[in-house]
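Next, two complexes with subunit A in common: one pairs it with subunit B, the other with subunit C.
Moving on to the complex of A and B:
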């Protein structure tokens, strides 16, 4: 997903087509609802209490099909459940509303056995709850940005999305609704990971059909641990515990209060005074301006939780627009950037990046890149290469960035300054996040500051989504296009998981880096501030805050 | 001093009212209006700094020093290398404050001059010709005054683009209303003077009356107003930079330095102190100077 501190997930992400199921080929996976027990310090869960959070803005969407940014996810994750979920802070998939499932030997048919769960209004969860949601995601009128995850991989999805079919033929309800069968066009081991994405949660067909799209966007009906009890538009949202949650024993909290507040100063004060309990994904991590006051203060430095994001911050260099059209120019610019300085500007909450895939990705990160894909900070060399490329006096350009997160503007200014050292005169064009993203997705920005956060832990999520020419211009907004890379990516997507497949991604990344489509500069760290009375908080790199697992002790 | 006087006949006479030996004019004025001189000095210093910033500044204001940030990425407090400290990108604040004077002065002065021209022209037309010209112009002026100036300027800058030139054009073109009002009032009163009636009776053409008679007699308050508005416009530029639509990075302006510094005030207050102080001095200087000019036109002032 396209990421920045107030994040928006990628508009259309493709999944790779692989030969083997992640959980093992053709095996039955039984799982039990997760019971969360003692926290690391050995304390026992305490029931009750209200969690007070400052949110960074109004939730753009509460409809899982339309929610594709980290802010919306903060609410949607607490209110809806899918077939499967991630276990704790790991990448392991366990059953959620599905108690178990089987995968056919050819990897194309998934059969899920559903639990006895109910929506908040008492309606039961069955296969139709999922078929309904998948159909909604595919329907153009819903304007879901996530249809690319299942279209055209589920049989009949393309026809349904185009309006040629009235039903989604690839999904069937069996055993009177207790079993859901999904047929794929080819085998795909990341399919289970895709199912964990909130867009593919269970919705109540009767409720959805009985209300308009916009109504459902602000009046959710889910199975989740928390229900939306009340809200004052743009001011406060109150979630209350679902007493009939299908996982017994949780949630521990009675209530979650989200209050709209995006002033970093106020967020800090509230935390220091103890009136809020957590600064986490509700603020997109600890706001930059608050990080040093917290980390340097011995009273609060122990409250800081850190997690490596599976994410890369980069400067995009457009292959079709501006002087960066020229490969030699792009390669020259790679040597101009002082990445150490850029990481310092982030108060060290990142490590220097040298490639597209971050080291926290389970596979795909290369410990050593080939020589033509390796760049060091060398402004003298950059200037020389630029002259050789035909720009001995540099050139004039614009760096596009958003200003919703002040860090992005700061980093743009560092890049601007680095470019100035080699004769490239750049002006910084800053707009709010929404406007910036809309413009970026046209593929017309010559040089821009952006980031990508994983949708799921597989190199295809980065390489295919961002560099396959069929993903331009929305996701591949650098308009990168290379026939060999396309071939490698498309082939790897139908290969079985294993060294051969990863070798293809490695080759693709090496070409992409040698062609300088991006200047990756940092792999960021997600930081959260957790009050000492909040127990069992963790952040899963694929998710936002999982508030059903935390409890509050007396304070 | 001379309270004893020699009469023509050689007698010494003690005066009832001692005649003070007159001091040099400058000293007289200085003692009467000390603050005006302070204002004048400040403005002169400002102009000097703005003109000679490249010579006065120890470093390039845009340069991000590798050693300009602490280990944890925080800005450096004032030290012997950076006498006003560094900002969040490791740039020298002292150099940026000096260069910031250029932007502030440029925007403040030029926008006031533009407002002066537009406002005076419209005010004269409205006041002198009266009738429908007056009605139309005054209604337009009312509308301009009713609208918050910042909103207008934000909208205009969004259309014409963000640059220092566009900034003072936008402020100048939208800020003429007060000047027009005052000029019109002045013209209305001067119009009734007898020498104006006389000139009209003698058949003097309008343009001559406007140029030779009306204009010189209304300029006093207008000049004062313009000087005072320079201070206002400098503040307006800071507000706009603070809002993010003023001067674009990396060019330093006191306003955008304040904007960058306000979020990390807790652990790096010097980012606010120095540009804030500079802003204070500039506005103070122009206001005091404006006051002084007002006094200059006062017939009862100390001479």
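Moving on to the complex of A and C:
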């Protein structure tokens, strides 16, 4: 995912290793619904209260099939549930609406046993609730950007999406709807992670069929801990506790009030006044303009929550266009960037990056890279290497970036200055996101700056999507192409999880870094401001704020 | 008069068509793909292509424009690409708030600007006039966002007299309107001052004074009425622009009006919504200009159509 669209991010890395062990062969996995009983400081939950949040604009979509940005997720994840979910703030997959599941020995058939859960209107959840949603995601008329996660991985998905089949043959309802079976075309080690994406939540077929696509986008019907009680278009959305939520004991809050306010100044002042409780994914993290006022104010600096995102900020170097098509030139440029300076420009809301995979990814991150994949800040060496590559007087080029975030602009300027130091005269071409994306996907931008965020915690989400030559030019917009890397990536994508699979990704990353396809410069930190009376707040690194686990104390 | 109005209405339709055409061409000239923006980066090229067909984006441009016009004549402004709601619905949701803010902002400008203009004219070239001129200059020079932020900080956050930003009724409108009034009043003040000076030195005013009319009557009764004409001309365009939504104000105060929606639409290349908001604002400009021209005819008996 790119920085602009979806922020699924970065983790409490320690607990994460367990997550990968679950897609085993023929194992029966039973898990119980989670409810949290005490906050980290040992305080006990308090029931009741209303959480007040300012949201950064109106929610673009409340339909899970169409929600694919963090703002929409903030609402959708409180209202819908899927077969599986992430446990707390970890990368571990546990059952949600599925109480248990088995996987066939060949890894191609998943059988889920469903809990007795109900939608807010009392309709029961069964296999059709999921089949319906998967079909909706595949249907072009829904305009879902997420169909690529299941098409063509689920049997019959390609045919269904193309309109050649009336039903999705790979998904079947068994035992009168209490069991859901999904057949895949190949073994897929990340399938359970994909199922945790909100697009694959349960929907009520009767409700969906009885209303238009537009209506459903604004009038949700889910199983989630909070229901949309009322809303004033573009102004306010009020969610109320679902008294029949299938996980007993939560949520603690009675109500969540989302008020539309995208003025960074107003958001800051509301927090300082105490009229809002949280600045988190409802604002996409603490807005840039508000970070220093909060972090440098002794009254609020203790309220700041930080988490390394599973995301990497990078400078892309095109392998086919411009001077960077020369490997020696790319390697030279790697020594030119002052990454510490980049992090300073972000007011410390990032850590220095040295490879594609961020440390918050449960696997794939290498504590030590091989020598030929390691670069340090050394402008003198950069200049020398550039001369050896045939550019003793540097060269002229353009750095492409988008202007959505004020930080993007400052970072581009640092890169421009760093390049100037070694004789590379770069002009910065900044456009709106739409234009930037359009140009970037042609694969013709010589040097550009972008970010990549995970959709799920697996190295394939980074390495395969960005460096496999079959992903050029749209996702692999540096036009990187290496036969060995392709082979490694293709093989690893169907292997079961385990050390052998992850070793292949490490090998691939080592080659990619030694060939300087990217200059990764920072792993951003997600920051949130949490009022002292808000307890047990956390954000799942793969999703957004988990509001069902928060409680409020008197204030 | 009637035939004048009919002729003007006819002209207005031509103007609006021209605006629709220009906006349409500009929207398509931007090198970005609405289908790609809707589906996101992860969607395959095939998916994006399919959506383009579904949205009719591959039809020849003249055909797309014609389809748009046909729908327009039926009162259908199309469906927003990103929000997937009818554009008319989206505008209707926000127009009320924008209208309230527009009128309040304009009134503030008048409330501050007109008295300033009158006093400046009466005290022309005296100390009072100089001080007022400097104040007016400061008002115009201050950026709107700056005035807005300061007002919000001191009067809402610190003093607590108003809500800190947000959308709603009167309490939410006063500060943004005041900010706009402070920065815009100077135009009215200067316009009024110069036209009043013209009028105050004219023969008929001296006649009125000679006939014994008090200064106040002379000023208010005669001079002001005539001096208002240029103010009305300027005011028409000003209000019309306000109806399009003042983006800066809406941004600073987090006010969910049309300006905010227009900017978002532009960033996301939501072409139907862009066209809808631009046409909507254009209609107001055209309408208000027509109203003002008709009002001239009523105010000034010398003007006949």
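A few points about this structure:
One rule holds for everything that comes next: the second predicted complex is superposed on the first by the 510 of 555 C-alpha atoms of A that agree within 3 Å, B and C clash if a C-alpha of one lies under 4 Å from a C-alpha of the other, contacts with A are read in each partner's own complex, and residues count from 1 in each chain.
The working rule: a contact is a pair of C-beta atoms (placed from the backbone, for glycine too) under 8 Å apart; a residue touches a chain by one contact, two chains touch by 3 or more.
Here the structure is a predicted model, which is why all the values come from computation and not from measurement.
Superimposing the complexes on subunit A yields a three-chain arrangement in which subunit B and subunit C fit side by side. Look at A:43: by the touch rule set out above, it reaches neither subunit B nor subunit C. Of the two partner chains placed around the shared chain by superposition, subunit B and subunit C are both touched by A:265.
Within the superposed three-chain model, A:292 lies in touch with subunit B and out of touch with subunit C [touch as defined at top].
In the superposition on chain A, A:434 makes contact with subunit C only, not with subunit B.
When the two structures are aligned on the shared chain, A:344 is found in touch with subunit B, with no touch to subunit C.
Remark: in the superposition on chain A the angle formed at subunit A by the CA centres of subunit B and subunit C amounts to 30 degrees, rounded in steps of 10. After overlaying the two complexes on the shared chain, residue contacts for A:213 are found with subunit C alone; subunit B is out of touch. In the overlay built on the shared chain, the residue A:92 is in contact with neither subunit B nor subunit C. Between subunit B and subunit C, the partner in contact with more residues of subunit A is C.
In the superposed model, A:58 makes contact with subunit C only, not with subunit B. Superposing the two structures on chain A brings subunit B to within 5 Å of subunit C, judged by their nearest Cα atoms. With the contact threshold set out at the top, residues 265 of subunit A are in contact with subunit B in one structure and with subunit C in the other. Touching subunit A in their complex are the following residues of subunit B: 62-64, 66, 69, 72-74, 88-90, 244, 248-250, 263-267. On subunit A, the positions that touch subunit B within their shared complex are 264-265, 268, 288-289, 292-293, 295-296, 338, 341, 344-348, 403, 406, 409-410, 412-414, 416-417, 420, 427-428, 430.
Those residues of subunit C whose C-beta lies close enough to touch subunit A in the complex are 30-34, 36-45, 47, 50-51, 54, 82-85, 93-94, 149, 152-153, 156-157, 164-168, 251-254, 256, 260-261, 264, 266-269. If you check the complex, the residues on subunit A that touch subunit C are 1-2, 5-6, 54, 57-58, 60, 66, 68, 140-141, 143-149, 213-214, 217-218, 233-235, 259-263, 265-267, 269-270, 272-273, 275, 404, 432-435, 437-439, 441, 455, 465, 474-475.
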